[in-house]
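Shown below is the structure under consideration.
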């Protein structure tokens, strides 16, 4: 059994890691930390786990964490940067669900997160954990920067098209929609049911933190070429789910995009290319680790690629577990077999 | 592997059976029928299953169903009554998620369902499949009448109190609330998002079909004594989830109800008695087979017992699988290990 | 024009008063106070009012409030008790949407609100503002204790039956359901969309602050007889709306309740008795000041009365304006003409 | 009093016309027709109107319609084309909320609606009723083609920018989100709460009927220049509300868009340009006739303009009434004074 620990377990990614690992045949969660809830029984804090676990929250510096084979950081930016190194030094694998090990350019990190990333060596050794893109490096990695949710949708949607040099890189427009769980569990007036329900709005219009991450990774897919990107996320009144509608110009209008997408993902368990004319709906991947993708030419001439995920699973906890499975060389789908909860 | 078939698989209980059995280690679904969709690929009909199954819907009289070890009827009333016998005669076990084998009194059935139950022998041989109440008979049964969703909440909530003769049987008031998935997948104006969202209403006020079922089973728990029952269900704007608030008068105001409930369910995996003062919320059992129960004395003197389930799981498909596991003498929790999807 | 002021205008009842009075032909809101937002433009704080008002929040002690003809307190308990008197002394009418002038018994107030009500004279002079019950006293009142939302549903539903002595007063069960707007605009984890959506739960099971208020007023309707009451509110995932399902025993099973309700309310503009067999839905009164009521005998023998209101209108701001109209002897429906927003 | 009639009153635009006109000081609805519900009382069909109206549905050919001063068609495409002429010939003004008099090019109409528009003369005499754009022609018109909901958002958002020649017309991307009420009241499986809630999806990706309408009107604003347009609508889980996020390239990056928008709409009551940095949310215009607009330059270089409306009001019934007010030379805001219902 792989012994796993979770740092910062009181948020939605924390409880999602607990939920998924609960059914993972080869993992036992032996520790979950919370500065504020140390000592509290997990099954009382999260009543969905009532009667299903004896775990209690520990302090983040509890020695039990050192007994882990893998540590998941489900923490805000800045935390993993501070303490991941100590686990790495003890030979423990680390998967950071926060952003500390995603951006390669320290200036970009400082600009978008208002914090200096002083862990040059850790950053250099870390791997961007988009499983379907960097599987080989993930196998060898000890430290994973787990991708943001929006980047996951965009990268999976565009990877085959960019790698085959099919689209104009200078004019990519990404319009994303997400449920409110991405905003976390903290008390926040704007996320009250009364404020967020029955409404839609754009946010982060002047610039969202996932913008540089998407741009960096698209550019890597394009062999380092520059990317002209516009990215606007929107908040929609639902708990889970994320959709990105991506507007691109095909360099050759006659290319069969359906065929290319299907070929690219035919061996990927967690990426499903839908049949021609079928449009992804977030509900079809709710509670699952799947990403569903479709592409269609529009009457105006552009190609529109749409992708959906469950933001807390393929966009966070699920992809983290997928990366863990890869790192430990076990079946990549373990603990992630569940299909979408419909309805 | 147990070979399973589903009759009437295009509704919400059908797809829920598919979803849960997909992860059941000892079951393979070899057939799913639909009169209207015969020939259609299941993964196209339910996009949550896209790429995850090769099954296609068969006609309800397809011979493949005879190869099954167990057949689930996910059909409206009247269907199982017609065709369950032919499977029973071939030695196939049958679990009817509809109401045909729930009511012992044929006159009651005729009165509430507008149909005569002519299957006297089948009815006599069938077992009411509330796993925690009738486990021993279920082990031996070949035909199960799987309980209704509302009755499941009420029976689990009141069983310990009635068996210990603690409450006034003449004045039980049950006020239940359910998400709209119980109304099914059929196109139905009243269940449009625009009609059912942002609203609450009582329904079935003059009489709901689960009324005689609850009354019959409560009376059985009470050793045949008559029950004075009032039951009003309400539709609330959510997809899944069911809560029953049950108002009863304690015969002895000093009894420790908390202790009695905890003792009654300490060995039941799927029934969780919450700590004193904690109130069940349907979201804590969403996507799981658990029933959470609490009881509290109120300022007005009555005892209030509340119970929550996922209406499509412990209230339908999950309990059916739990019964199947009991019938086949395998681990009762197989395929049902998932904890609640939170948030 | 009646000059109106609002104390504590940043919450949901505050903005609802603004919205309704905006269309009131004989009222001008000249002041709205907020301790925390003093100086802030109302049209920036509430973007629904962007461009529609020049008002800015004032401090609660701003002299402009003394120019008002009427002051609405949209404040938590304890605030109106402190400062209502100073307005009363200046001849300004006061309507308190909080609970300070609802409970006649100071011990009850202290017990339920944890605070002593030291304003004996004010309390003695105040009128409980359920417009349809106390219209004559409201006409003469200078100080109104505006009813709670739950009590409004129960009192309107039972008034005709109690006044005609038709029901057993010793065993009244009220099961209420409310949208989350009643919990207010404060940042509150439990009211996040992610926590409150797709779920139902009871709350205040051991005792809710509206319990003594309902009991007091029912007893008054019954000529002072004692009331055996059980009251459990439930939170349902919607913004606005409140439904109460009330279970009572008729003293004479043959009485025509429909006729009695219709006769009782035939001249009341804001109370609609629905036709026999029609069930009230909260959506039909959303955004309106109406209360819709229905009664039906159930198969179990009890009479079930259901009533729906918009909790922020007939349950708060709308009833306050209705009371103001009565106090100023103008058309009782002014500013409240809007019918329900459907869908 | 203006006597108004509604053809096809059983849908959401029908009841919205009834609701708004109920509070219009100078209009009386004297007739509302429905082929299927003729004879039925409106207050029974729409319980939000219970007790508030004596109207009953008439047949669409009832003579009472000839007594009207204005007729609203709230019907599917093809209906107004058939019968509007007969009212026009009697001197009755007609406002078609359907699409029959929107597209100037009969081939486009035939292509997108699968029907030939044979009413050349009517079409030629009709005015496209976007009040803020064509106010002068609307004053003189007898027949109005009331705009589609999506076009309303896009045209109001881009009008000032196009008229001042500020943007690249060849590359306009419109990503719109709408609540489900636009899909109507018909029983429709895809619009069930269980199917449409907790999900987001694009639709009409290959081409939506509002595409040619948007393109036609943008081109008119641009003095006939061609428009390169991409338009993808999305369904989000809410009842009302519509947001369009519009991606354009500024020809001159230094232009002060905020100033230009504010100047353009300073005298328009129903169009509110939000302060710099404030993002429109659909909930702020819910139940109102307002359109709120904002523009912001993004980190990627594009200008993003966002606009929100209530799709059933400014996107349908409200704009129709605004047009009626203009046609009858009365205060343009009559009956439309209500501000947004918050929360």
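Going in written order, the chains are labelled A, B, C and D, and every chain counts its residues from 1.
Heads up, the rule we're going with is that a contact is a pair of C-beta atoms (placed from the backbone, for glycine too) under 8 Å apart; a residue touches a chain by one contact, two chains touch by 3 or more.
Source: prediction; values computed, not measured.
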Overlap of the chain C and chain D neighbour lists contains A, B
Any idea whether B-D or A-B has more C-beta pairs in contact? A-B
Just the number, please: Cα centre separation of chain B and chain C in whole Å. 39
Between chain D and chain B, distance of the C-alpha-averaged centres to the nearest whole Å: 46
Centroid of chain A to centroid of chain B, CA atoms only: how many Å? 36
Could you check chain B for residues that touch two or more other chains and list them? 12, 181, 185, 194-195, 197-198, 237-240, 280-281, 283, 286, 343
Contact set on chain C toward chain D in their complex: 12, 15-16, 19, 22-23, 44, 46-52, 181, 185, 198, 239-240, 272, 274-275, 278, 280-281, 283-288, 292, 337-343
Contacting residues of chain C [partner chain B, same complex]: 171, 173, 175, 177, 179, 194-195, 197-203, 205-207, 211, 228-232, 234, 236-241, 243, 245, 247, 277, 279-283, 286, 296-302, 304, 306, 308, 343
Which residues of chain B touch chain D in their complex? 12, 180-181, 185-189, 191-198, 237-239
